[in-house]
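A, B, C and D label the chains in the order they appear, each numbered from 1.
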Amino acid sequence: MAGRMLAGLLAAAVLWAVPLAAGQGEPIKVGAILSVSGPASFLGAPEKRTAEMLVQKINASGGLLGRKIQLIVKDSEGSPEKATSFAKQLIEEEKVLAIIGPSTSGESLAIKNLCQEGKTILLSCAAAEKIVDPIAPYVFKTPQKDSDAARWIFQTMREMNIRRIGVIVSNDGFGIAGKAQIEKIAPEYGLQIAIAEVYDKGATDLTGVLNKIKGQNVEGLVNWSIVPAQALVAKNMKQIGFQVPLFQSHGYGNIKYVQAGGEAANGTMFPASPILVADQLPAKHPQRELLLSYKKDYEAMYKEEASAFGAYAYDAILILAEAIRKAGTTDREKVRAAIEDLKGFVGTSGIFNYSKTDHSGLDMSAFEMLTVKDGKFVRLKP
Amino acid sequence: MEGRRYIPIVLLLLAAVGVQLTLSACDAAYYLTQLTMSLYYAIVAVGLSLLMGYAGQVSLGHAGFFAIGGYTAAVLATRNLAVEPGAMARALGAMGLLLQREDLYGQTIVYLSPWVSLAAAILLTSAVACVIGVPVIRLKGHYLAMATLGFGLIVYYTVLGAPGLGEADGFSDVPGFRLAGPLEVNGRSAFRVQNFYIACVLAAGVMALGGNLVRSRMGRALRAVHEGEEAAQSLGIHVARAKFGVFLLSALIAAVAGFFLTHYNGGIGPSEATALKSVRYLAIVAVGGMANLWGTLIMGVGLNFLSLRGAFGSFDDAVFGVILIAVMVLAPEGVFRRLPWPFRRKGGDDAAAA
Amino acid sequence: MSAEQALQYCLAGVTVGSIYAIVAIGFNIIYNTTGIINFAQGEFVVLGAMTAISLHTVTPLPLAVAGAVAITAAAGGLIGAGLTRAVKRPTVLRLIIVTIGLSIVLRAAVLHIWDEKVRALPFFTGTEVSSVGFFGARITPQALWVLGICAVTVAGLTLFFRHTLTGRAMRACAANRTAAGLCGIPVGRMVTLSFTLSAAIGALAGCAISPVTQTQYDMGAPLAIKGFTVAILGGMGNSLAAVAAGLLLGVLESFSICIFPLAYQHAVSIAVLLAVLVFRPSGLFGSRDVSALKEH
Amino acid sequence: MPPLLEVRGLNRRFGGLHAVRDLEFDVEEGRIQALIGPNGAGKSTVFNMIAGALSPDGGDILYRGARITGRAAHAVAAMGIARTFQTTRLFPQMTVLENVQVGRHIRSSAGFLAGLFHPPWSWREEREIRRSAMETLEKLGLAALAGTTAGTLSFGQQRLAEFARALAMEPNLLLLDEPAAGLNMHETAALATLLTRIREWGITILIVEHDMSLVMDISDHIVVLNQGAKLREGRPAEIQRDPEVIRIYLGDDHA
């Protein structure tokens, strides 16, 4: 009995020590835990499509280090318990090098420690800063920082002389993380939050709460949300004649939300990655080429417009591929270190500069203030 | 004679040993992770089977009780009492009810002993089950279904809305639950084998208790209530009390399973409290044969195991929907019409279904 | 709170309430005929709206809505009635379980036929920004459409159930299935008819509310929950009372924002449901007061 | 010593219908007492009020001198009043033995905790429940059917099994709601014998019945109801000859 266990342990140790390097032709296993269906499917579904597309493209052009990438996608439906189960499966059983996703912050936080203990690189596609604060060496994230998005909004508000604001957020991970950052940073810009409310992610009408905010005489409104319900805000504001500037978060990065808002969406301001205005970027913009290529590939393959959400998964795979190339090996520690060493790396969401103390990689420059004009995204200050 | 009823329990534990040894020998011990999780979910379904299959009372809110157990575990275990120790915390410390750990990032955390929070979870669940159960269990049919669904939704919206309950992110970083000596409910791979056994023993315990109950005087009374409330009353059975008793019991079973699984998973989120989760428990009870504890346990472990391994892909929920329809249309008595001898309940397996 | 603001709360409540009401009506039809609550009613709403949105890419709006209603009615009638009729020994518990299963399967079907994206029909009149002034407060014209459709539907159903032979036969089925069968009423066909009718009304509801709420594959269940909350508040089976209860709940929810944080709005309205279930299971308007308005 | 059951000024209305009015009668211990009357006389209403299934609008019901008016059915049963139903209400998916074991509910005490943990004292109780249930079945000649699912029994057997279940309660008073309905002549004759045997066991019987020959055969005392009120009461021989009773049963021509 003891002997067999010892043998098993030894076998495991040997497997551990020679990670995947055995056969040169063997694929590099990468896991992806995404909310393809369920309440966060508007994030997970484009992320999955993007990831599959990019992996296909990398493999078609010869793969990495002469090996193909094998992407194992798991649909977590936005549940932390399923994400936990899948993470253990991917780490212990498939022994993947890295995990892309999860799409939501709750799931990402649930598997953060598992990835750290299992020495598996996690490239989260969720925005909450708790994912990389405190820093776990193996855990990174690709979306921009909530705090930077808030700063862009507040800066614009200051320029417009807005002092008293109302805040509404959705009751998902994205919304509540944003609310925390807004409440933390607003005082730095001398802003007074007159009222902050949380609405259901499945809300069907928001005129009631907007009416409540209207009664507070605010000069500007921030809606921080990533769910489809956010398209209601602009509509409902116009319907009840609530006329103050509307600021959305970077969760607004999907032209569908503009279309759903119709005429009402015009004039909405929000910080976003330049992917939404890729074709308006000056020729010398560092991201222009990458963005146009992603958009072109995605739209050709899936017949739908690329969103900022799919871009998070795009960056995650791009970063992983670059780190593997730089490390020249699939040794976990070396790849991890290579990610930490990435500087000035051009991604779709911005220019990534990771370091030992920053696993978010992006700063204020990853954003640009956009606005909606005639149903299209345009740069606020071209 | 009296010991014979425990033969299947012993067989269950022997089967567990067999499964573990086989998997470990095949270098596939990682299957134990999902088996352990599935066992906890199956325990909830077994508890629901007592309520639904035997007493005939539907509940669409059992995920709510699971979440009450799980969230109690999470809230109390992640509350760091080292930050600002109040008088209460000092008193608890003096009684030796506080534990200390260091998290991955080097922070020292002083937290309440999970034994205390288990007691708290049981008390809280009992209190909630009384407040909700006493009035609601008198309702019948659709009204009971709606009321229990409503209860589950209130729990869901509460954990989703309350800042102290983690809102949409829920809880992570829930530490393990040291039971005794080296035994610990903990999801790390080093604890994998022993946690499989912990879950098995808990499941065996619930099966033994449930098996005892359905053969007892109260068990017969519950089935009588199911098959004819008026006749049951005429025999002196306090129908409301019998229904409430089994409601409370199955709520407690769900809460304890939630408590353990939260420590095992290291966290919990609002997705554990959704109506869809409650419906899953219902589907498992239905496919297990309604009033069939062993069928429920087997289907509960099997289906959850497949689901947790992602075998159903993006059709995960749809599978449970199809099961519900198929069972009701094709085999309302469940898929196990006849179990082999030691698992067979007195009085026939297909008795008392729906 | 200014009078104008209070009025605006009212109108916000009316907008939401009209949505609840139109969903609730669908529940009542099946309940009136079969005595069961169809947990898949919310999926009929989504299915109708999605079909209309797809049809609208090739046909004008009225045609798209009509087509969607017809398609959903056919699909809902066939599937819903087929399944409930296939259940052996149909106890309440079994029928609840079947319709719950149906709801999950239909939701998955919508996800895989369309996708996860949110869509919307255009406003029937006006645009996203138009609104109708009402003593200084404003309401979207679409809410008036929804209310109008509620009114027409309730009136039509009342006439149907009271004055047509088929309608009376359907009510007879709910009152006593066995007796209805003995009187030569084809009970099975009546069940099919009631599922078809309620799927049609669900689809119409889906089209009417889509411009306001937008449509996504998984919005059926939350809508259904509010729908049957309202149906029970009004007293099961009573469509006119359901409309009244819908508006009442909408306005209550709207004003509840003044006191409770919005985050607890749903919990509050479900708590109201539980209270009604326990203390007044016949509904707010059940009993003698409004029983004259009941369809049976 | 007061009578076993006293009915005092009992009233019950259903909407506009005055189903039972100012009803008074006693049931003496050790008797078979019948409650008869034409259709709609209010027999079943009275029966259900005694059993606790309906609560009266006014008046009192006393059992051994204590008020039991408006008590819940299970509480009435716990005092030792057993009943059967017009259409038998066995638990169809349970076996005959299990049905009768449920009849021992009020004579045993193991609750939820004892059920869950099955302590040794409950083993003894469980054995006792089984033994006495079997004994009851044997008394009624049903022992061979102990393991049969109740729903599959013939009509007559079901009625007998329901008797067994009620007798298992060791009641002092047995309320029978039209026990002969649907039985053939043989079965009715056997029922008559059974009822007299039950009386010999010291159980008082209150029977609501349509079958006049059965009632006249076995009853010690008869109460006749008409339109919710008591018309006559007395021994069978007296009732049989009473012109009023004949009139309400057979119409004016025969008076």
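Heads up, the rule we're going with is that contacts are C-beta pairs under 8 Å (C-beta built on N, C-alpha and C of every residue); 3 or more make two chains touch, one makes a residue touch a chain.
Just so it is clear, the structure is predicted and the values come from calculations on it, not from any experiment.
Q: From chain A, which chain is the farthest off, judged by mean CA positions?
A: Comparing chain centres, D lies farthest from chain A.
Q: Using the average of all C-alpha atoms in each chain as its centre, how far is it in Å between chain B and chain C?
A: Each chain's C-alpha centroid was found; their separation is 34 Å.
Q: Just the number, please: Cα centre separation of chain A and chain D in whole Å.
A: Distance between chain centres, rounded to whole Å: 73 Å.
Q: Please tell me the distance, in whole Å, between the geometric centres of chain B and chain D computed from their C-alpha atoms.
A: A distance of 43 Å separates the two centres.
Q: Can you compute the centre-to-centre distance for chain A and chain C, using the mean CA position of each chain? Integer Å is fine.
A: The answer is 37 Å.
Q: Quick check: what residues of chain D touch more than one other chain, meaning two or more?
A: Residues of chain D touching two or more partner chains: there are none.
Q: Multi-chain contacts only, two chains or more: what residues does chain A have there?
A: 37, 171, 198, in rising order.
Q: Hey, what residues on chain C touch two or more of the other chains?
A: Residues 111, 261, 263, 266 of chain C touch two or more partner chains.
Q: Who touches whom among the chains?
A: A-B, A-C, B-C, B-D
Q: Which residues of chain A touch chain C once you look at their complex with the stated criterion?
A: Residues 37-39, 41-42, 45, 171, 197-200, 202, 204-205, 207-209, 211-212, 214-215, 228-229, 231-232, 234-235, 238-241, 256, 260-265, 304.
Q: Spell out the residues on chain D that touch chain B in their complex, using ranges where they run on.
A: Where chain D meets chain B, its residues are 51-53, 72-74, 77-78, 82-83, 85, 89-95, 98, 101-106, 108-112, 114-118, 122-123, 125-126, 129, 149, 165, 169.
Q: Using the touch rule from the top, collect the residues of chain C that touch chain B in their complex.
A: Against chain B, the touching part of chain C is residues 36-37, 83, 86-89, 91-94, 96-98, 100-105, 107-109, 111-112, 221, 225, 228-229, 232, 236, 261, 263-264, 266-267, 270-271, 273-274, 277-278, 281.
Q: For the complex, which residues does chain A have touching chain B?
A: Per the stated touch rule, the residues are 4-5, 8, 11-12, 36-37, 74-75, 77-82, 84-86, 88-89, 92-93, 104-107, 109-110, 112-114, 116-118, 128, 130, 134-136, 171-173, 175-177, 198.
Q: In the complex formed with chain A, which residues of chain C make contact?
A: My answer: residues 1-2, 5, 8-9, 11-13, 15-16, 19, 111, 115-118, 120, 127-131, 137-140, 209, 212-214, 216, 218-219, 222-223, 253-254, 257-258, 261-263, 265-266.
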